[in-house]
Structures are given as structure tokens and as C-alpha cells.
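To keep things simple, chains are lettered A, B, C and D as they appear, and every chain counts its residues starting from 1.
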Amino acid sequence: MTAPLSSAAVAEACDPQLLDDLVAANRILSHHGVLDAYGHISARDPRSKDRYWISRSMAPALVTAADIIALDLDGNPVRAGETRLFFERVIHGEIYKARPDVMAVLHNHSPSLVPFANSDTRLRPMTGNAAFLGEGAPVFDIRDVDNEGDLNICTRAQGEALARALGGHCLVLLRGHGSVVVGESVRQAVRRAIIAETNARQQIQATMLGPVHFLTASEIEYAKRAKPKDPDRAWQLWKKKALGAG
Amino acid sequence: MTAPLSSAAVAEACDPQLLDDLVAANRILSHHGVLDAYGHISARDPRSKDRYWISRSMAPALVTAADIIALDLDGNPVRAGETRLFFERVIHGEIYKARPDVMAVLHNHSPSLVPFANSDTRLRPMTGNAAFLGEGAPVFDIRDVDNEGDLNICTRAQGEALARALGGHCLVLLRGHGSVVVGESVRQAVRRAIIAETNARQQIQATMLGPVHFLTASEIEYAKRAKPKDPDRAWQLWKKKALGAG
Amino acid sequence: MTAPLSSAAVAEACDPQLLDDLVAANRILSHHGVLDAYGHISARDPRSKDRYWISRSMAPALVTAADIIALDLDGNPVRAGETRLFFERVIHGEIYKARPDVMAVLHNHSPSLVPFANSDTRLRPMTGNAAFLGEGAPVFDIRDVDNEGDLNICTRAQGEALARALGGHCLVLLRGHGSVVVGESVRQAVRRAIIAETNARQQIQATMLGPVHFLTASEIEYAKRAKPKDPDRAWQLWKKKALGAG
Amino acid sequence: MTAPLSSAAVAEACDPQLLDDLVAANRILSHHGVLDAYGHISARDPRSKDRYWISRSMAPALVTAADIIALDLDGNPVRAGETRLFFERVIHGEIYKARPDVMAVLHNHSPSLVPFANSDTRLRPMTGNAAFLGEGAPVFDIRDVDNEGDLNICTRAQGEALARALGGHCLVLLRGHGSVVVGESVRQAVRRAIIAETNARQQIQATMLGPVHFLTASEIEYAKRAKPKDPDRAWQLWKKKALGAG
């Protein structure tokens, strides 16, 4: 377990830009309806990869910089005395352990993803910017671990099983619950979550029109080695709308 | 029938926190579109279980603390002279009579519940927080009592039949009309109504994708003995949004 | 044709309450998305039944009392010199001629009604307050009169055919175009139009769930002789929201 | 390639009304959700038909008159030194080359068009004002040119192929991507894009009700020779809503 740092050391530990992005992410995702009163987004600390930054247990729409705290990968607060912690923080720690490439984790109840979480129809990419969905998002069924419960991911065994279901994917659906999205950065995870919600609505609409033409395998492969063009344009617009022009 | 109290006695009778919750509930449900210009929510008086608190007959979006009055379980105003009473208040009284465990009753025309009220497809839980829907919400058909009418629940016979249809459930759909939700508290009834509307939309979407995987029987059973985690977080956020930050 | 009145006489001719309702109707219907930049609502003059009040040709969202003018049933302005007249005003005149009971006519492009206008599936009542839809809204096909055109109702022959398609109904759908709603008052026509849009969305949702249970014949018959309970509650709330609290 | 003009000459070259329309178009389309953080609209210069006006590469919601620049039909900035150029500007140049009648080009990711872009069901006109969709919008598949990529239109070969797919139509869908709309004016292109989004939603809804009755061939033909009635009414209302009343 990580030894507690002094207050000053912790404050220094969080990069100001990362802190700003994490607060903006909470507000943007709330503004888009991807996060409701629940759900959470974290950022792995780029300088101490065995810890991550996340808000205290609270509604994402209300998060400010003062609410961002550091946890180690077992979910213990780095600064002693923190007690308002998300029940489901194990999601973040176990994914960071299993996926060294992941720098941001987002758990949400994005409304149009739930139908796919409870269906055999896979969520697949409708557009180029949804290529991260690959050949279809996997679905995690908590019954692989527990046969009853409130479907929340609260134990290490549940978190580990979820991380296994995620595998090398960018998004995993949780039956009867929601989804988890990962990214190389906070901004990428936010972008993916917003695109996934739109993609889900469009895929449902398209299903009503007949057989759906998804991205091809080569288009999906291409996206793995290419960067999206100018993703920050969307981030800045979303931030401006969510936080106001002030 | 309950004897009228003096004005001061009635004012004292309503717990300030309960009064505050009841006003907030009217605003929150209007803000979410669960209540339109009609519909009503009541709270049984915890200290006088043969009466309940409800607004005068008015649009829920406009309710203030001054509009909350007490009725006995036969729908008579506790304070003499009150005349602006909901036509359908019999819903509340008959359910409180039949269900001693119920402390809050909400009648609404929540838009996405009507399709289920007019269908043989049962409204079933898509997510853990909708487990209160159990194996499917029952549907009350007013034709069990009356073969014609405007489908409103205005007579004691109609109210009793509705309470029987509700049985031990948390939500009953009303054919051609809407729904009634009950709870152990105002906050729980509000929470259930908001979740039910979301669940209905998600179930319709999922139906378009193929067979739907609902909560399992053991997950539904678990929810009967477990408390939801931190439900007040949503209540406080909803209240803030509905009433403004002031 | 009605002889032009002096300016003062016309101003006196419009009842202030009717004028207020007509302005509010334009704003409420725009606020609900039932009217877009086009569409119009009129009120027959209760004291001169051969004329009706309607706005000049303009966006309904911008209508004020100063924009309301009187036309005779052939669509001629009562006050000489008015030139900004709706192209489709023949809809109003021909329905007022054919239906002495009608005191308000509304033409709109209410978005969820168009799918029913272009389908063999009839728009039927899902709830008690939609009983005015009867056994299903009729559909007017302008090809009964003209085999080509922009589908607008601009000639007397088109207006007469539309009035015949409406018959004794409260709402007629126009293939490839929208709908016309009538009422005994402005408020009733507005109420019916808002309910029809909601009903259409709910009927489409219910269709996805399986066979739909509509109001029964006896419930539809009942509504013809019974008044709705407290319809002004919705009107006042809608007006407050559309016009602001000022 | 066009020789660079002096700064003053370029400023003079853009008609103030056209500049005003182009800025309003960006705002209106953002306000309607037809444009998100990406997408772009251009206007061919009526006095120099080998150039067009378009914003710098930025979010359409933020465009002001100062952001509008001139490009030649090969996508080179008329004023030397401009570097913030849309990656996909080749769409505009190649369509202007292929279609001398076109005076405005709009590329968007209008959400309800994507399901049609990825389906064999053609987008067809539901209402008279959507007659520009003809017998159905064509679909451009970038695989006709490139078997992999991010599906953006960035090369001349891609732009030329897109222009061929558009042919004489007013709107072409882009598989896995969005759409391109053209018009005789900025206002017409905007109008068509907004109508197309509504039409798509209505066609999907109608598909759920059974066989859909689209505009007839003679109605589609009629629209080619007739002007819409009072299209500026919608433009002025949209502009007022998007830009505020100030």
C-alpha cells in the first residue's frame, strides 16, 4: 500500500492541466447526459503510475478541482483521512493494473448503451470516429462472479473479472448496469463515451431500416494506427458549453 | 372520519423535512417530465397514519409549501373549508388503506409508460436500480370496474380495484392512462418514477435489438433486502436542478 | 363578401379574451414544437360567425396582439389593405363553412403526425384525453383533387376536399404534409394538437412492443358527452412557460 | 491557381449579405444539431465563381465574420498565409467544379442521416418541402476509391468520386460518415439540411408503422420547377433563435 504523502506533496503531484481536464470531463459528461448523478472518471497519474486521480464520491455535475483526490491501485486514499470514496472505485484500480496502456477510466450509465448491454446484438461502429468499438463491444455479465447482488462492481473479484472482460477493448458493456470506457487520456475517454452514446442511438435507428453496414475490418484496423483529426476542437467546444463562457 | 384540527395544529402536524421533500418532489417530477400539468404525489403522515399530505388541485410545477394540505384516508380535508381537491385523490387513500407499508403515493402520466400500459409486453427491469419492477409491473384495467368513463380513478370502487391490482408491487400501470408508484418515502417514490421512465425507453430500444435480457430472479430478490447505495446523491442533484441553485 | 369595417369597428370586434387566447395559442404551440416557422391557428368570431381571427402571415412564435386580423370565410381581409395573408387560409374558411360547430382551426406540421399521414396505420387514442381521435384520424390525400403541386392547400377546391375529409372528426391528417385540428374553442384545439403529438409518439412506441390496446368504443363514446376535468390547468401552465412569468 | 489578392481586395470581394448569411448558417446549423464540433458550409463567390467562402478550421458554433476566408477551387487560400484550413475542403472545391449550378455546399454529420448512410433503405421525401430528396438520396461509399482510412474526404480523388456520387442530386449520404447537401444559395442548403434531418426521423418512425407512402413522382417533378412559398420566414426565425434577439 502506498504511504500517505504530506498535503503539499499530494497537491504538487497532480498536474494542473490534468486536474483541469478531469474537472472539465465531469462537467462535459454530465452536460451530455453520459453521466447522471452517478458514474465516475479517473486519470492515472503520469508520474506515479500506481495511483490515479478521481473525485470524491459525489455527483459529477458538481465536481470542482478541490474535490479531486488520489487513490492507489487498491483504492486506498493517498492522503490519510479521505473517507468519501466511490463504492465502485475497484473498477479503476483493477483496469489500471491489467492495462498499463490505459491512462483514463470512465464508468457510466449512458442511457442508450443499456439496451446493448441487455441484448445479444453487439454495439458496432457506425462511423469512422467510432472505430474504437472494433468488431463489437464485449459484454460483461456479473453472474460470471456473483449470482446475486445489486450489479455494482464493488469487490476485487468483480473488478478483476470486469478487467478480463474488457481485455484489449476500449469499451465494455455491463449487463443490467452500464459501461466502462478507457483511453490513453481523459479527453480520449470522454470523446469515446460521447461517440458511443450517439453510435448506439444510430445503430438502433439503422436496425429499424434493415441490415446495417458497419465499418469494415480494414477501416477498423486503420483507426488503430491513425490519430483522429483535430479531436481538441470538440473538447474545447464541449468544455465551453458545459462550463459556460466565463 | 377525522375531526378537523385547528389551523395551528395542522401546521404543526407536517414535519418540515417532509413538507420540504413533498414540494421538491413536485418540482423534480415536473422538471423530469414525469408529471405534466396533472398528476400528484402524497406523503402519509408518519405520526398520524390515517392522513396524508398532498398539494391542492394544481399544476405540480407550481406547488409551494403553502399549497400542501392534509386529507384523511377517505379524501376529506382535515382542515375544514378546503375545496381545491384533486378528483383522483381516492387513489392515495385506498392505497394507504390497503398497504400499511406505503408512505408515499405518486400518480403520473409518465410518457414512456403509456405504451406498456396499452400492451401485453410487461415493463421489466433493465438495470439494478429498476429491480423494484420485479417480474413485471401489473396493468390495471378500469373496465374491471366500469365499462365506460374518462378512465380517471374517481370512485371508491375504482380506487379499491386499483389498490388490488397494485397488490404488493411498487408500480402499477393504468391502461389508457398512466401509472401509480408507491414507496417507503417520498424520495423513494420519486426515484422509482424517474427510473421507470428511463427503463421504459431502454426496454423499447432493446426490443428493437432482439430478445432482451432482464434482471434475474435472484437479482430481483436481492434488491428486496438490500438498500440502494447513496440514493440521496441523486435526490440532491435533482432538487438543485429543479429548484435552482438559490 | 363582407364589406370592410372601419378600423375602430374591427378593433372592437375582437373580444379581448379571445385575442389573448389566440396570441397565447401561437406561442404555446411554438413552444411545444407543434408549430414550426409555418402553420396557423384561427378563431371564429363568436359574434360574427362569418369571419375569423388569425395572425398575418408570419412565424407563430413571433405573433403579438397587433398581428391578429379578421378575414371573412372566403379569405378576404375585413379591413381593407391587409396584404400579408397566409397562402393556406382557405383551410380555415372552408372548414368554418362546413362545420358550424367549429370555433377554432389549427393547421400544423406536428412532427410525429407525419408518419401516420404517410402510413395505412391509423392514429388512434392511447389515453382518455385523446378520445377525440375516435376510431382513428382520417387521412386527406390531395391527389383526390390535384395530381401534382407542393401539397399545400391553396385553392377553394382543395379546401373543400379537405373539409370533406375532415367530416365530423376533430383531426385530419394530410398526406405528405401535416394535420388540421378543430375545436369548440382555441384552447380546445391547442389541447388536442398537443395531445395528438404525444399520442403519436406513444402509439409508435407501443407498436414496437406488440399489439396495441386502444380506447374502447364505449370510452370513445363517453368522451363525446363528457367534459374533460380542469383543462384550464394545462392551458395556464403552458401559457406561463411559453410567455414567461412576467 | 488563383493569385493572392491584397487584403483590401479580398475584404471587398465578399458581399456583406453573403458574409452575414454564412455566419448565420454556421450558428443555425449548430443550434439545430445538424452541425456538431465538425462539419462546414461554404458559399461560392457569385462574382468570382472560381473561389468560395468558408470559415477557418473551427467549430461552426463559434464562427464570426472575421473567421470567413476565401479559397480557390483547389483549396488554396486566396490570401497568402492562411493555414487553419479544413482537412476536408476538397469536398467543396470538387463539387463546385462539377456542378456550376451549385452556389453553396454543406458537409455535416447530421445524426439521423447516418442510419440511412449505413443501410440499403433509401432516404425519401415524406413531405412536400423534402421533395429535393427525389426518388431517394444516393449513398457514396469511399471504398469506391480507398479500401481503408478514416472515411474523411481529403484527397482530390475522393472529392471527385464524391462529386460523381452526388451527380445531379441535392444531397448525398456518405457511408459511415454523414452527408453533403448543396443548394443554389446558403439559405437553401441550410433549409435542405434541416428538413433532411427531420425527414429521416419521420421516415424511421413511419417504417415502424408499416409501408410508407412517399411523395409521388409528379409531386417530386413539380418541386423542381416551383419555388417554395416564403422560405425566408423560417430562415429569419432560425437566425433569431440561434443568434439571440440582440
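Brief remarks on what is shown
The rule is simple: a contact is a pair of C-beta atoms (placed from the backbone, for glycine too) under 8 Å apart; a residue touches a chain by one contact, two chains touch by 3 or more.
On a predicted model such as this, the values are computed, not experimentally measured, just so you know.
Any chain bridging subunit B and subunit C, meaning touching each of them, is missing here; the list is empty. To overlay subunit C on subunit D by their CA atoms, one rotates by 90 degrees, a value rounded to a multiple of 5. Centroid distances built from C-alpha atoms place B farthest away from subunit D. One simple way to say how far apart two chains are is to compare their mean CA positions; for subunit A and subunit B this gives 34 Å. Inter-chain centre distance (subunit A to subunit C, centres taken as mean C-alpha positions): 48 Å.
Among all residues of subunit B, those that touch two or more other chains are 208. Across the whole structure, chains are in contact as follows: A-B, A-D, B-C, C-D. Within the complex formed with subunit D, the subunit A residues making contact are 125-129, 131, 198, 201-203, 205-206, 208-216, 218-219, 221-223, 226, 228-230, 233-234, 236-238, 240. Listing the residues of subunit A that touch subunit B in their complex gives 36-38, 57-59, 61-62, 87, 109, 111-112, 114-116, 118-121, 143, 147-152, 175-178, 204, 207-208.
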